[in-house]
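Below: one structure in C-alpha cells.
Labels run A, B, C, D, E and F following the written order; every chain starts at residue 1.
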C-alpha cells in the first residue's frame, strides 16, 4: 500500500530490507538511537509493516477525569486517534512504557485494519491480544497489558512528537517493523536510507551465499573493495528477472 | 469440569469470556487490581483454564532447613499441595515472584493432571517446561526457573490467602486463564461477573462484526443506548442454535 | 558431533538429559549457580545443543576505538572469535547482559554453522534473528538486540574465563542447551554428571509413567529405596533394544 | 511567598502539613495516585516547597536536532522554561524518568532562584548537584544524572499536562515537597485539601503526645468519635498564641 | 535492653559486632543468605539495633476488604502487630518489597518506642519518615513509601515465618542492624555466632592497627596461624580495663 | 598528590573542575559515555578524587574454586590488587554491577590508604562501609553489599581493560570523583580536557555571579561570543592572587 508520504519505490525497498539493516544505514548517517528496543511483534505470522507515523500520547490518568463516562465521549482522544489515523499510516503510541493498562484492544485494531492503517505500535501493551492476532494488523508491544485504559492512561495529544520505547518519533517519520522489531527513519532521509538498505540487503544475500559455501567472514563481512567488485560481477550474472 | 464452588452455568459463561472482558466487568464493580500482570501461558495451545483457587505459599529457603532429605519427607508442604489440590481447582503459587528456583516441575504437573486439577499458576517459574507442555495442564508463569526448589524456596502454607503477581488471592476465588493471561474473581461475585462478562462478550461479537463492515467505533464501542437496542434486535435474528 | 573434550558416550548421555535434570545432578555435588537464568532459545525448533565452551568477552565500546574502520580490521576479536571457534564447540559470549547492541548477527551464525560449531550463547542479544533462525544453529539470548555492535560493545578477549548470565564459564566447560535454557557443567565433572543425569532421566521416565497411571508422587518422586528397587525390576523388563 | 493561584491562608496550611498527610486527605476524596514515588530531596536541609506547577516536557533527543548549536538558540524550550517560570511556581519536569542525561543544572537553578521560583522537580536527575544544593532552591530528583541534556533529552513543550514519576500534573496543580518527597494536589481541590490536612496535622500532634505518654494507638489512631471530642477539649486549652 | 530470648552476654557481644562481621560468621556455618540487601537505616544517627524478630506479613489489598472503615477496627492486624510486639523485639515486616504503600508511619513508631521495642524493619517503605527519625526508634526500609497502607497492603498474619528482603525470618530469630544494614541470625545459633563475631571483631581491631602501621594485608587479613598467635600476645598486653 | 601518569598542572586543574564540567568537555570531543551513572560517594565529606585507573575484574564465583581456603592464598588476585595498586592511583573494580557480595571492605581500604592510593571505585558495593568512611579514602559504589566476596565474586584479572558501571576503563585512564559521582577521561586526552574544564569552570563562576545578580541565562549560558569577551575583561580585573 503506497501513500503520499513515501513513494512506491521507497516503500518497496523498505519492504525488502530488514529492520536491522535499516538501523545500520541510519548509524552510518550518525543516528544511533533508532531501534525500539524491547518491543515484540504480537504474532510471528503478521506481515511486514511499513508506513508513516501517526502518533498518540498518553499521560497518567486521574480518578476524576478518567471515568468510564468521559471515556465514552466523542471527544475522547484515544478513540479519535483510531478514527483519524490516515490510510497507510502506523499508529505509534507513547504509553510511557506503562504495562498497568492497555494501549488499545481488538475493537480498535479491527477499526484500524478496516480503515487501511499499516500497523499499530505501543511501548506499553495491548489487551485482547488473541483477538488482535486474528485481526491480522501488524502490532508491536512490550508485553500484554489487559487492564482497562482508564485505570492508568489518559490520552492527551494526537500526532505530536513523542518518544516510543526511548526513540524519538516525529509525525510522518517512517516506521518499519519485521519479526525482529521496529525501527524509525527520520522522514527527510527515507529515500536515501531505503536505497542504501536495499543495496546492503542484496550484498548480504550474496555474502551469505559465499559464507554458506565455506568462505571466511574476513574479506566478505563487512564488505571490502575487493568483495564489492566480486559482488558487482556476480550481480550482473544473477539479475533477478 | 464443574465443581462445588462454581455452578455449571457460571463455569460455561466464564469459559466463553476472555480474561480481558472479565477484568472490565470487575472494574465496573470497583476492582482495579485483578489481572496477574507479567504471567504468560506456558503453551499457546493449552486449553482455557477456569477453577477455584487452591493456594501454596513459599518463603525464602534456608540451608539447614531446606535440605534434600527434608524435601523427601511426606510432611513436605510442596508435595502435599499437589496431593491435596481438589478436583477442578487451580493450584495458585505465591513464589514471591522469584525466578531463582522452580515453583514446580513435570512430575507435579503430571500428578495434578491425573488428579483432575484445572491448572497451575505461579508468579515465579517452572522447571521441565518442555515436559509440562506435553502434560497438557494449563500452566502460567513469569519465566522458566529450572533450578531445584530448595535452592531458594521453602513451602510454608497451604490454602491460605496469598498474593500472586501482585493480586490478592483468597482460597476458592475463581481463577480464569486464557492465552492472554490470568484474572482473579473474588468468589462472592463470580455468578454476577460471569453473567455480565458473557453478555459483554456477545455484544463484542456483534460490535466487531459491524466494525469489520466499516462502521466507526464511535457509537458502537463503548456501547451506547442506541447500539444496545440494535444489538438486541440483531440478537433475536441471530440466535445460535 | 563428538570432539576431543567430551567422549562420545558422555555426549550421547547429555543429549538425552534435560538441562533441568543436569542442574539437579550438579546441585548434588554442591553447585547451585549453573543455570543461565533469563536466556531463551531463539527458536522452539532448534536442535539440542551440547559442546565445550569457547568464549568471547565484551567490554563497553568507546567512540574513538570502536569505529566502523577499526571494526573491519582482521585483528578485530569479534570476528576472530567466529573464525577461531573449534568444531563442536559452543561460542559463549559475555555481553555484560547488554541489550543496547548485538552480540552477533546472521553472517556470523552462518559462518559458525559452516565451520561446525555446536551453538552460540549470549547474555545480551542477537541481530538478524529471523535469519539466524533459518541458519539452524542453536542460539540462546536474553532478547533481540539489533543495533550494531560498535554502538555499545567492544570485543576484548577470546577464550578466557567469563561470566554469562551470572554463571561462571571457564573455557572447555560443557554447555548444554535445550528448549528450556542453558546449563554449564564444570569440565572436570562432565562424565560423572552425564552418567548421573542419564540415570535420573531413565528413572523419571519410569516415575512419570506411574504417576500417569494414577499413583501419588509420595514414594515415587523424589525416589525412595523401594521405588528404586521397583524401577530396577521394571528396567530389566523394559530394556530399550 | 504567596501568588495568584493559591491564597495566603491555603499556602500557610500547606506549609504546616506533611506530604504524607496531604496524600491521605486526597485519598479520602478518591485520589490514589498523587505521590511522586522514588523522588528525593537533593538536600536534607532544603526548605519546604509549595507552589503551582509550571511544566516542561522532554522527549528523546536526536543527533541532527539536538546539537550544541541548536541548544544555544533562544528558541530552545529548555532555557525558555527557566526564563518563563512564574514567581512562586514550581518547575515540574517530565524527563520520562530518564537518568541518561540531566534535566537541569546549577545555572538554571540559580536563575530560577533569582526569579523567585518555589522549586524544581524532575523524574530524572540533575547535574551539578553539589552546586544546586548551595543555591538553596528546593529540588527533587530520582538520582543525579550529570551527562549533558542533549545526549538524551529534547525539550518539546512548556506548561502542558504531563506525567512526572507516574503522577498526572496539570499546569497550576499545587505541588508540595518536604523532606520525604513530593505530592500533587489537583488545583480545584487545593483549599479543601489544605484545610483538611492542616486539621489532621493538629490532631496528629495531639495523638502523638498521647502515644508518647503511653496510650495504645487503638482509639487514638485512626481517630474515633471519642478521641476527636477529647482532642477538641484539649485544643481549647492548648491554643497556640 | 535484655530479654528472655537472648542472654545479656550475647546481646552485648552482638552490640559490639558489625552486621558484616556477623554475616561472615554465619557464612562459616553454611548460611549464605542472611543479609537484607537493599535496606537502609532511616537515619545515620539511629542507635544500633539488636533483638528477636516479631513479624507481620502483608498481602496485596483489595478494594472491598481494605476500606478505611475496616482499617479502623480493633481486629486490624496492622495495628495489633504494633500493640503486641514484645519489649526488646524488632518488628520485621514482609511487605512483599512493595513501595506502593507504607508499611508503617510515625504514630506506629512512636507507640513501638513507647512500648520498648528494639526497632522496626520493612522490605517496603515507611511514611512520615521525617517524624520517625525524630522518634529515634531504629528503622530500616528500602525507600520511603508515603501512600496510605490500604492502597496496596493488607495485613494477614502476625508472628509467622516470613521472607523480608529475600531473607527467611522465623519468629525469635535475632535481628541485628547497624548503619550498614540488617542481618538475621537463626535463633538456635545466636550464642555461638555472637561469640565468634565478637572474637573476630577484636582481631579486626588489631589487624586494622597493624595495617594502619604499614603492614601488608597478606598474613594479617584473613588471619593466619602466625597472626593469631601475635594477636593473642598483643591482646594480653592490651586488655581493655 | 602527583604521579608519573598525570602532570602536576593537569592534576590541579582537574581538582578544581567538577565531574559534570569534565563530562561536558569530553562530549565536545565526541565522548558520550564517560559518566559512571548510579554510583555514589560513600561519604558526603570525603575529599575529591583524581588519579589514573588501576583495575580489578571479577567474574561469578564457583563453589569449588572460591573457598575460604583458596581466598587466603597469596596468589588471590583480590588481595594482590590491593597490594599492587600504585601510589596515586584509583582502584577501579568491575564487579559486573553485582550487589550480592562485597567488592572490598575496611581492611582493604585501610591498606590502600596506607599505600597512598587516591581512591576506590566499584560498580557493585562495599562491606564495612561505616569503617571505610572513617578510613577517609574516597570511595564510590552503587549500594552497600556486605556479604563475603566469595559468595558471588571471583577475581580474575588485574589491570586489564574493563567496564565499570557501563563505562569503558583502560588502565591509566584518569578517574575523577566528586560529591556528584565519577567520570573517566581517556588518558591520551587528559591534558587537553583538564585545561578546557578548568577554563569552563572559571567562566561558570563568572556566569553564576551574573545570574545571581539577576541576568537572564540567555546570552550567558551557554556562553556567546559577547559573553566570552565580557568574561575576559572581568577576568583581567578579578585575577585570583
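By our rule, a contact is a pair of C-beta atoms (placed from the backbone, for glycine too) under 8 Å apart; a residue touches a chain by one contact, two chains touch by 3 or more.
What you see is a predicted model, and the numbers here were worked out from it, not measured in a lab.
Contacts with subunit C and subunit D are shared by A, F. Subunit A and subunit D have Cα centroids lying 37 Å from one another. Rounded to a whole number, the gap between the C-alpha centres of subunit D and subunit E is 32 angstrom. The residues of subunit F that reach two or more other chains are 32, listed in rising order. Chain pairs that touch one another: A-B, A-C, A-D, B-C, B-E, C-F, D-E, D-F, E-F. On the subunit B side of its complex with subunit E, the touching residues are 30-33, 59-65, 96, 154, 156-157, 160-163, 166-168, 186. Against subunit D, in their complex, subunit F makes its touches with residues 18-20, 23-24, 27-28, 32, 34-35, 37-38, 178-181, 183, 204, 207-208, 211-214, 216-218, 220-222, 224. Across the complex, subunit C is touched by residues 68, 71-72, 74, 79, 82-83, 99-100, 102, 105-108, 110-111, 114, 127-131, 143-148, 151 of subunit B.
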